[in-house]
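I've put the structures underneath this note.
Presented sequentially are two complexes of subunit A, the first with subunit B as partner and the second with subunit C.
Now for the complex of A and B:
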């Protein structure tokens, strides 16, 4: 177990710069997710940490030691691959035993057939067998040890891959989209199991995924990556409620956050589609900004509401429902989270008014950076008239 | 009859063309010389008792033999004793043609020795080819290094060079090193198989990179990956290559004929066939075909055993 620190890592493939100076400190025993759309460099970063790829510049430290120039094998990290990457010719038990054999047995003891006759080989083989058994029991795959990977289901293979990773005690676990080949139901189940495993092992986990739900549900911290940079790294709650940038706000959260273009007038007050809002950005001049509203931040309101429109689509999920509303003044849709007993008011084509608490609005400036100093102002008389 | 009957007809014709020489070979190996010359006796021949003329000639009684045999034939003249001895020899030397052909095959020349030589030579060639080709193919398929494409281009280029074009320089090289008439001369020129490198490289391209990365994470070095991960996954392709390699070198007549000039102990099976070529003292087609049958038999058996995996390997569908 060890803490891990990534300092200013860049990576270029020819002309393209995939990582543009990534820094991240991960504490011992922490579960950090690297999340972002495909091509954002998250897998490349993981492979650089693993030692499978060399960084162009920057440094990786594991337990305070720089691992620059260390081979993957010498970094004492475990990795679970998206495709599981089990050895097809070895049984489940042999697959899990490989990392132990490669580390505990010497070259002579690893030789086929004669290796068993080498001094100490038998005792070591027994020890490895026990460790494999232990890992298999933890993952509930002890009954599969004699099968070949080809005879297993996707979920079982996934467990074997986990078993191979955790059978030795690595400094950290690296997981590269381990759930993306599973069906939806199994994914939810395995998600919970991996989170439990993390608590049980109290080991450092670095988890790469493009699925923000996985990141939200399992991590201590989420690092949102885009375009080769970490935009924000914080706990799931902070990333969701208090995003630093508009890209983060848009990526995290399902359904997606509603982004409405607003204008800032001379006094810094926000204007949405010609209507003044009770929000102002002190110290800002005339310009444009974006107003971010989570679906649950919107409330149904009467005729005087700042947003008006009509229902164009709704999805009832049982416990909640998501309603798409086309706004009157702008050719834009917003998503509202409603409770199912509000359904009657939300039939297709129904005219609805929406308002929101000023405190739930997320304001981003023209560059997409979050504006945190927002003042609540009373609406001027001119507007009321 | 299905619509594709004509395809089967063409295939059947092809089969006949391919099978016919084998049919002749096996059939001749059963027949007596007379039946072979006259082209009669069907597939198995009539299997009538025949007399081995050479065997009788070898036992032609001398004056001493007749004198020694005289007490056994009381009251007979020397010429009568001689006739009796000759007919006894003829009785001893008469046998079924199939027995004659196959015993001749093994007694006329040290065929077992030749077969052993064949096994030693083909096995050594194949093993060294694998030892060279697997790491080379792995590097060409999975490692990134400067000039990789150029090296692979060279491999492809080498595929275009016919053996016969470089036979003479090779021979001179071996002769200057004093290696002619050794196993080394039979083995060394074939140890680097560009075809093997090419075939294995194509197969390794289909092995997922994740598998190799997983092996690296598990603590394997590059050579360990070749032998512990790539080799076992490449068994079908390796079997296909084995058949190509073993068949080519087991059947090779050209190269052994060049580098093995005197020493019959180094003859490979095809060279053994030369023992029966008719140099004036009559044809030995029966024993010759029996030898040929014995020589091809190991290949046919091996192919039948490996057939399923062999075809898998050719289609490069080893990874499920």
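Now for the complex of A and C:
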């Protein structure tokens, strides 16, 4: 177990720069997710940490030691691959034993047939067998040890891949989209199991995913990556409630956050579709900005509401309901989270008014950076104006 | 149609039975041409050869005598046929492992290249594309004991340090260099060499195709698992993944090795090499069955040849089903 630090790592494939200076410190025992859309460089970063790919510049330190020039096999990291990458000719037990055999047995002891006759080989083989058994029991795959990967289901293969990773005690676990080949139900179950495994092992986990739900549910911290940079790295709550940039706000959260274009008038007050809002950005001149409202930040309101429109689509998930509302004079849709008992008021085509708490609004400037100094202004003045 | 459809419920199963019979007849009718051709051009010759191997038939004779297993007894008792087995097995046992090994080695090396892949592939594949009969004539010139390129080249080494470190060279310079094709010690090895030279490019191409199916992520997994040397990665990933290819390559190479004929026919049209040292099975079939018109014994060797090939094919089937598919 060890802490891991990534300092200003860049990666260039020919002309294209995939990573543009990434820095990240991961504490011992922390579960950090690298999340972002495909092509954002998250898998490349993981492979650079693993040593399967070399960085163009920058440094990686594991447990305080720079691993520059150390090959993957010498970095003492374990990796779970998206395709699981199990050796098809070996049984489950043999697959899990490979990392132990490669590290504990010498070249002669690994030879087929005669290897067993080498001094110390038998005792070592027994020891490895026990470790494999222990790992298999932890993952509840002890009954599968004699099978070949080809005879297993996707979920079982996934467990074997995990078993192979945790059978030795690595400095950190690297997981590259390990759940993306599972069906939805199994994914939810395995998600919980991996999170529990992390608590049990108290090991450092670095988890790459494009699925923000996985990142939100499992991690201590989420690093949101886009365009080869880490835009924000913070706990799931902070990333969701207090995003630094509009891209982060848009990527995290399902359904997606509602972004509405607003204007800033001379006094810094926000104007949404010609109506003044009770929000102002002190010290800012005339310009444009974006107003971000999570579906749960919106609530149904009466005629005087700042947003008005009509229902165009609704999805009832049982415990909650997501309603798409097309706004008047804006040709834009927003998503509202409602409770099922509000269904009556939200029939298709129904005219609705929407309101929100000023404190729940996220304001981003024209460049997409978050504006945190937002003042609430009295609406009476606004109405007079 | 014999069955008339009626509205009574009892007649319904009869109708469907009649239809099934009709369908069966049509099916037989439609497959008959293919079946007939298969029997006439593939199975019948084998059966006829099998029957003739128990006779003393010669082409042109009006009749023949049944001589029982005497042809087979001859195969296993006469020294000529002993030499035939020795030559054939020497060739197979030498050519198969070396040409499979070289094919695999060349494929691995080419696969690791970034550039010039196609160039190397083409170069190694050249002998496969060449006509072996024509190539045999070229080899014959090169191997000529006095004016051949090979002995001329070897002579250039006389008087140099090679003579002191290499006994073969010293012998050659003191007396003379081998007659190659005329020497029973060398003849079969020359044939083996040409067989390997000609055949390994084909195995290389098959292995290159096999290598494209090896999952790249497995190499990364092996690296993470601590497989540091190329040998470890080969043992853990490449070799098992090439299992199906290897079974196929070995079987094909074995069958081709049993079939060696062109070079021997080109070098020694009469007799199968010095002291029958290169008297391989295919040549024996040709000599007995065609040149000497001894159809009976020719058929017996053919049956034996078929048995070998059948045995290899069965082993391959067994390996493919049991061992190499995961």
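Convention: the second predicted complex is superposed on the first by the 380 of 385 C-alpha atoms of A that agree within 3 Å, B and C clash if a C-alpha of one lies under 4 Å from a C-alpha of the other, contacts with A are read in each partner's own complex, and residues count from 1 in each chain.
In the analysis below, a contact is a pair of C-beta atoms (placed from the backbone, for glycine too) under 8 Å apart; a residue touches a chain by one contact, two chains touch by 3 or more.
What you are looking at is a predicted structure, and each value in this text was computed from that prediction instead of being measured.
The superposed arrangement places subunit B and subunit C in clashing positions on subunit A. Of the two partner chains, neither subunit B nor subunit C is touched by A:13. Residue contacts after overlaying the shared chain place A:164 against subunit B and subunit C alike.
Look at A:77: by the touch rule set out above, it reaches both subunit B and subunit C.
Within the superposed three-chain model, A:98 lies in touch with subunit B and with subunit C [touch as defined at top]. Contact with both subunit B and subunit C is seen for A:88 once the two complexes are overlaid on the shared chain.
Of the two partner chains placed by superposition, only subunit C is touched by A:148; subunit B is not.
Residues 47, 50-52, 71-73, 77-79, 81-83, 85-90, 98-99, 102-103, 150, 164 of subunit A are contacted both by subunit B in one complex and by subunit C in the other.
Remark: subunit C residues 215, 217-218, 220-229, 232, 236-237, 240-241, 243, 326 touch subunit A in the complex.
Across the interface of their complex, subunit B is touched by residues 47, 50-52, 71-73, 77-79, 81-90, 98-99, 102-103, 150, 164 of subunit A. Residues 208, 210-211, 213-221, 224, 229, 232-233, 235, 319-320 of subunit B touch subunit A in their complex. Listing the residues of subunit A that touch subunit C in their complex gives 47, 50-52, 71-74, 77-79, 81-83, 85-90, 98-99, 102-103, 107, 110, 148-150, 164.
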